[in-house]
Each structure stands twice: as C-alpha cells, then as structure tokens.
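Pasting a structure here, questions to come.
We just call them A, B, C and D in the order they show up, numbering each chain from 1.
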Amino acid sequence: MKYSVGCTLEYAVPSPSVFVFNLAPADTPYQSVDYENFTVLPEMPVETYIEPTLGTRYHRLNVTAPSLTVRYHATVTVTPEVRTPGDVHTIPPAELPLVDFPFVLPSRYCQSDQLMRLANREFGSLPFDFARPLAVADWIHRNVDYLVGTTTPLTSAFDIATSRAGVCRDFAHLGIAFCRALNIPARFVSCYAYDLWPRDFHAIFEARLGDQWYLFDPTRQASTGGLVRIGTGRDAADVSFASIFGPARMTHMDVYADAGDAESERQPKQWKDHAVSSARAA
Amino acid sequence: MKYSVGCTLEYAVPSPSVFVFNLAPADTPYQSVDYENFTVLPEMPVETYIEPTLGTRYHRLNVTAPSLTVRYHATVTVTPEVRTPGDVHTIPPAELPLVDFPFVLPSRYCQSDQLMRLANREFGSLPFDFARPLAVADWIHRNVDYLVGTTTPLTSAFDIATSRAGVCRDFAHLGIAFCRALNIPARFVSCYAYDLWPRDFHAIFEARLGDQWYLFDPTRQASTGGLVRIGTGRDAADVSFASIFGPARMTHMDVYADAGDAESERQPKQWKDHAVSSARAA
Amino acid sequence: MKYSVGCTLEYAVPSPSVFVFNLAPADTPYQSVDYENFTVLPEMPVETYIEPTLGTRYHRLNVTAPSLTVRYHATVTVTPEVRTPGDVHTIPPAELPLVDFPFVLPSRYCQSDQLMRLANREFGSLPFDFARPLAVADWIHRNVDYLVGTTTPLTSAFDIATSRAGVCRDFAHLGIAFCRALNIPARFVSCYAYDLWPRDFHAIFEARLGDQWYLFDPTRQASTGGLVRIGTGRDAADVSFASIFGPARMTHMDVYADAGDAESERQPKQWKDHAVSSARAA
Amino acid sequence: MKYSVGCTLEYAVPSPSVFVFNLAPADTPYQSVDYENFTVLPEMPVETYIEPTLGTRYHRLNVTAPSLTVRYHATVTVTPEVRTPGDVHTIPPAELPLVDFPFVLPSRYCQSDQLMRLANREFGSLPFDFARPLAVADWIHRNVDYLVGTTTPLTSAFDIATSRAGVCRDFAHLGIAFCRALNIPARFVSCYAYDLWPRDFHAIFEARLGDQWYLFDPTRQASTGGLVRIGTGRDAADVSFASIFGPARMTHMDVYADAGDAESERQPKQWKDHAVSSARAA
C-alpha cells in the first residue's frame, strides 16, 4: 500500500532556537520511504539523526531567523503483517527478552506502577493472548471520552485513568500503562493516519506478543493497517514531533495523509479479527 | 441502643505541643452521651469547643510535660432512624438547600471536580434515589481493596480512584467525592463502631437525600445502625481524632466500642434494605 | 471610599441548567452596598441566600431558556481598617480560637499538609507577626510568574509551588496554603478591584492575626485598601463567581470596578507599611 | 582503588515468581570486576543479560521454591577520572549529541517538563559549566531533608520538589529532573558506596558536560570517587536492584562495600574542587 504524507509547520522565533523534529517516517522492514522532500525556509543546514535501535529519524535545525517554515512530503510503501489473533500469545515474565525490559517499566506518561491493581482487576482474568491488549484498547474506547482541549502535554495515563477524557496521545499512554502493568511490553507509536479527521498527527500503541509488536488504536479513529509510522518510543516524550529549545511558538500547522493506491483506501477499521504488526521484535 | 466506647492515647512530647482532640461523641438528637470521663495525665487544663453547626466536640491541651496520656470513656445511647430505601430521594440542584452547598463542593481529600466523568459514567443512569449513594458504596466495596499500609494521611479520593487500595478513611473520601460529583451533598463521619475488627476509630460517609443524612459504609466492616458518631465534616481534615501542633508522636493507642445491651449487639450489617440516618438535615 | 462595580455575564444554555452566582458584594461592618441592581434576561425568579457566618451572598437561577444574561451593578462604600504592621501579631496554636480551626486545615486547592516543610524552611525563622504573611505574599510575587492560560480550575497550590506560574486565584491559594502550614488561619477572598487591568474578577487572601483578618495580594495588581469583597471561603471552591449544574457555557463576560470618589482613586498599592483589614475576627 | 562489595538478599516466595536483579557492578572502561561470585539458594539456573549501550548487568531467576537467598560478592577496581571543574562545560542544545537526547527528556520519576520554571529561576543565571549541576546538587542538599520513611517507590522528583524530604533515590531524581530542565543530559546511577552509613545500596546522578559524564551526590553521604557503579538508566525504574514478577517479598537484606586498599579509604567527600567521572560520553 502506498501513502502520500506530509506536513507544513510554521513558527515565530523571537530569539535563536534549536528545533528537533520527528516527522519523517521511519525506514523499517515493513515500511519504505520511496520519495521524500524536507524543505526549510529560510534555508539552513539540517542535521539528521537516526536512532539505531528503533529507526526513529530526527532532524535538528539551529534557527537564528525570526521565523521558520518546515515542509515535509513523502510517499511511503507500507506492508504490515496481518496474523490471526488466535495465534498470538503473550510472553511470560520468565521468557521475556530482556532487551524489551524497558517496555514493561513505567515511563513519564505511562505510570504502570500506579495502575497495577486497576489493570489486574479489569484484565487479569483474560487469556494470555491477543485478547488482553485488545481488551485494554476496548476498555479505553468505552470508558474515556475523546475530547480535544481537555488535556495538555503534561497529562499522563494516571490522570486520564480518573478524569476519563483526552486525545490520541492520552489514549495511547493509558493503553501502554495498562499493558505494562500486565507485564506486556508496550510502546508509543507516532504516525500519519490516512483516514484521520480532522487531519493531524496521530498516536497509537503497540504491544509485544510472541515475536512481533501488534498495533492498537484505542481511539478507533484510524485503521491500524493504514498507518505510516514516524517514531517509536517509551511514550510521547521520546517522539514529540517537535522539541524546541528556545522561545519559539507555532503559528500554523497542516498535516495530511492520502491513500496512494486502491488498496490503501480500503483498509478496514477492524479491531478484533486482525492482528496487525509493522515491527518485528528484537 | 447503648454502647460503651473509649480510647487510650499516649504520646511522647519532646517539646511543648498543642493537641486538639476530636474523640468525644457528638451530642445530637439521635445520640446522647449518658456518661463520660476525659482523663489527662499529667493533669492539666482541658479546653472544650463544640462546633455550633455540626455539634462536633474538640478538646484542646497545651502540653509542656514530656509525655501525655489521654483516656476517654463514655456510655452513649444511639437511636438512629431507619427508613425504607424506596421512600428516599435525591434533591435536584434547583432545590438543594444552599446551607448544604459546601457539601457538594470539592474538598481537600474529596476532589469531586476531578471525578465528574467517572462518577457520571458509573452512576449517571441510576434512579434519583437511595440507589445512587448505595451504588457508590457498592462500587467502592467491589473495586477497592481494603489494605492497611497502602495509604498515608495525604492520600485522597483522586489517588485511590486509580490505585484501588486504602483504608476506611480513603473509602469514605471516595464515596463523598463520587456523591458530590453527582450533586448529592455528602460528608465525612468519624465514629466508634462496635463490631469493627481490629479495634480502631472508624470512618464512613453520609449523603443527604430528602430531609435526612443517610449513612453508608463502603468498607462493609461495621453496621451503620450501630455507630457512635464522633465528628462530622467536609472530609478527614475537619475531624482528625488528633491534630498536633508540635513535635509529639504517638507511642500507644487503644480504641474500644462495646455493645451495652442486647439490641445493640444484633445490629445487622445490612446494605440494601435499610436507609439508616442519625442526622436531620438543616 | 465609594466604588461602582458590576458585571455582565452571558451564557448559552442548551438544556435546563441551574446557576449559583456569587457576584454581589457582601454586606459587612466594613462595607455597605448603597445601591444594587440584579437583572436577569429572560426574566425569572432569583433566589437569594446569605451564608450566615461569612456573609457571602449567593443567587440561584433555574434556567430553562436557551440563553441567559445576568447584569449586576452596585455602588458600595468601603471603610477598611488600617493598622500599623508592627502592632499586629500571629496567634499561637494554644490560643487560636477554635471557631477559626477550619482556616488552618488543608482544603481542596490549599494543601497545606503537603507544604509543611517548604513553608517552615522559607518562613519559619521570621517573627510571629505581620512579617510572616507579608513574607509569604512577597515570596509568591518573586517566585511565581503571573501568566494567564497556564492553569485551569483544577490547579492547586501544590501544583504551582513547583510549576511556578498561575493567575490571581492560584496566587491566593498558595498564600493560604503557606499561612496554614505556619498555623496562621487564612482564607480566600473574591473581590472587585478598581485598578485591576485587564478587568476581571480578582482574588486575594486574608490571614488572621490578633483580632482581625488582614488582606494580602501576592499578585500586587490591586490595592488591598480599594477592594470590594464579594465572597469569603476556604478556597475558590466556596466562592466561585458561577457554579453551574448543567451543560451551559459562558459566551460573554465583562467586569468593571470604578472609583466613585477622589479618595477611592488614591488608594496606594502599598505592601509593607499598612496592615489593611476589612473583616473582624469571630 | 579496590573495593570489596556485595549483598545478601532473602525472599519469601509463596508462589512461583520471576526475579530480575541488578546488583552486579557494570564492567566499564573505568571499572573492572576482578572477581565475583553469585550464589543462589536453592540452586537454579541464572540467566545473565548485559544491556549493550550502558553495560548494566541483569540476572534473572525463575523461582518455584518457597524461598530464595541470593548472595553476591565481588572485588572491583575503580579508576575514575578526575578533572578540574573549571575545564568542564555544558553542551548547547545545537550541539547536543542526539544519542543522548533521551537523557534530556522527562522520565517516570524525573518530570523535568514540570520543573522548567523552577529550574530556570534557581539556576538559569549560572555559567554554562560544572557550576550548574553542582549548584543543583547543592540546592537539593540545602533544601531537602534526608529522612528515611518519608517516601515510597512511587515518589517522584515533582513530589519532593514541594514536600522537601526523601532518600538517596529521591535526591538523585530531583537532580536529574533539574539538569534536564536546564537541557543538561542527566541519568541515574545505582551503586555501592564504601562509606555509606547505614549500609545500603546507594543512588546518585551523573550529568553530561563536554565529553564525559560527571558524578554528583546531592545527599553528600558518599565520596563520588569511591563508588562502584551497578546500573545506569533514565531513572530508578531502569535499574531497580530487584524487579519481581510475582507475590514474593523480602525478608532480609544486607549490603556492604569495603575499601580494599589504602587509597580507597582516603577518597575525600569533596563537592566543589573535583569533577569526578566514571563514564565517557557516547
């Protein structure tokens, strides 16, 4: 499947600021960037860094001009792997590959250590397979309101477990925290989602079962089969689309993701019948 | 019904400290203190204060000795009112007596403002009667573990809504917060409970429906019909059994509550069939 | 001194909602409402309630129309008492009138129990007089940024003790929490302030020393001598200018406070040389 | 310098549990484990994992017996690098190696995103060199009480920034959070400290300046030159000395660290005159 994705970001930069962007899709065995164009106005050097373990790509700009415009465009071929949910099993702690140990530990916005009882009460009796993280995603969908403006960048899984409202980032954080509280490795995925409305960057979570990481979207706003992965991290802290060192502020933002072929458009928003993965486990 | 209640509290007092105790039962239309004895060692003046609205009794000591022993004993006659749950209804906001307005507002340990969505999701479709606060108490009993040592005096309803463990004080706080989030006036009641084990001070909540305040014990450890009310307040901050200004620390504590007649002993631990009240609304 | 104060508030009311307003100045020994006019559109009954202890006035409306406009106007004579700071002393815990006990206890937005060490580190060595609450107000002015949009109605003193930004309500909450952590009774005062810019409701705190409550404005935006008191409470929860039960939302708000005579205009913004009080202690 | 370090840990294991220990010193260019012995009772397989980037060593046990005893002993040669503080400079964001980007981001117990204003108010005017993290460590030493029993494993930097009490773990977390809020990469180091009393595992933080990571102990309890590094991570979540999956609980713990030669014993507890490092930057 092919997708055409990109964004335009504009900033006012009252004094020199450093930007670290994370908006270019990762190059992975399940996703290839066929063409891309990263334009910066005014022109300036762009430093690129690829995180070696997860493939997340960062671009750094040292901006001394009073304003900044970044335009990114790419065409990406995505080839997720789809398995039968019944074939997919969680890994017992005795066998959990320790390279994934960080993904069962609590992180800034995913305080799994504070959610142990709640997670085990709600999900502790489910079978040790795909049904667990699926039930986590379903619970969030049922129990948390998707409401723009109710949360801030400081909002965490612990907060929305009680406040019960948030956006995609918050939904993903709660999903991750619940999975980790159940000893299932889980991580944050920022992405372009072709059928998201209104247009914006999207965020979901992926959980490791067996030898793959499977995608879950507790907002149910996007098709997990039609996602273009940008960053992968412990939580949103690792893969913010823009980290700014300095007093700059955004003045305009536009994000798009269009289906590039017939198949791309037909990705169903399925939640139960397909176990979709776009990352092999380490 | 008659109960024989009391406590012995001992403190080390390394430098002069002021104590405000709240351990004598209130004198109310539903409860009379037939006999009481408040002994302090070493002997010193005891100042008594009765809060005029709620009848809570405070004793203040200005301790300059290196240790303090307080012994309190009372026999109390309790005559709660028992009504049929079906006859008891919540008060719509348009008719809520504004004298009780403070009891629908959030307080230190009962952040009803942060629990609005959760409360309305869980209880919002229930009938506007006794079933609401009863469902709140049941929910807490089912979803929160009673576990000594999991919380501190700083723990609040917001905390245990997610952490899901606590003691009687925490259970009462969550019950109050849920009720207030549903616009039901609710307040904290500290008490002696004759069938509590292990022996300790107890805490429950009461919610206003119609012209009475009804008692609910989400721990299900004590019979609401067999309680001896000590303090009534917005939350535990108002009716701590001992507020200490100075470096004193407790070295011993013993609390007791014994049934004084045959009827007192037979108070059933019923949760659904009786609406028990020991406070008339203002 | 005379002030002319008032406000216009407009709401969209998609379904029937109950409003409890607290925007009319209190009638106190230090403040008389010479004239007032409370207009509601569309016309409907207005229920008035005066809290007996503190004199705070509430107006309740049961709104079934799709919109609501409230216009309030009053002329008020204010006669604060001004004393010499050096004559004003804090009350030791052994002598604190227990009627003011609630005002040394933690409340929803003033978690003095969590600020004990910080308060005692910062202010514990100061003399037991006006210098203490004054130092609290000064500390807040120096250490917290006044920044609209950084906080929400859920923000508390505990939050801004670390985040270090907020608005008048947050500044008052932190002042109250610090005072209570020092065993100084303190409470929240909502008010009209004639020299506030931009125009809005204002909030400050008052602390009890000796037989009076003294006013402190840690924002330093208004003259404590030129304030028209609206509500007095434990914190903002008690005296929100509008508590709404229902889905209504504000569409317009305008607040004004004009000096009504020459003296009123000349109220100096003094912080150290005058101990200003507009409330006698109980 | 040589140190002889180790511990004995005993657990009751009521039902099968998985343990992941992190108590063996790391093998690094500045530290060599000359001899070590890891004994487990009852005998069972021990799986070893070395985190490839930071060298942290984990041991996993799958315990089915009703109890577990772990004894670890090692002799370690430590050769820290000592530089002159004046030669050591912070790295501007434009030049920060992005491989260390995770160490300027907030983590579970180090919410640097919530401490931005406080950090910049307190340390923002200091020179961009060793003085910054040193001032952070000094501030914590001066403003936070070292008090066993005041915090729990859930306590974070945000909490103690206001509560002002904690243990070594909390002190390190606050140091890390402040440094990151200042854009200085910082991380958590668990260790054996030969002069710590009472004996226990210790925790400090290290901050990257120039091409090295420098050690800071805000508790001032141990000599940074005499530490044996165990784990290195974002915060305590990464390098807990024991992560347990199951209902086991500790019944006994003993930790020791003895100086193995004359020089080891003489490590001064210096805070200002030496910049001590035991990790080269990536």
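To be clear about the criterion, contacts are C-beta pairs under 8 Å (C-beta built on N, C-alpha and C of every residue); 3 or more make two chains touch, one makes a residue touch a chain.
Worth saying up front: this structure is predicted, and the values here are computed from it rather than measured.
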Taking shared numbers over all numbers used, above half giving same and below half different, the chain C and chain D interface sides are same
What whole-Å value do you get for the distance between chain A and chain C if each is reduced to the mean of its CA atoms?
-> 44
Roughly how far is chain A from chain B, going centre to centre by Cα mean, in whole Å?
-> 46
Got the chain B residues that touch at least 2 other chains?
-> 114
Using the touch rule from the top of the page, what pairs of chains touch, sorted by label?
-> A-B, A-D, B-C, C-D
Quick one: which bits of chain A touch chain B in the complex? Just the residue numbers, please.
-> 114-115, 117-118, 121, 143, 145, 158, 161-165
In the complex with chain B, residue positions of chain C that touch it | 18, 20, 49, 51, 58, 60, 62, 92-94, 98-99, 101-102, 105-108, 110-111, 113-114, 153-154, 183, 237-238, 245-246
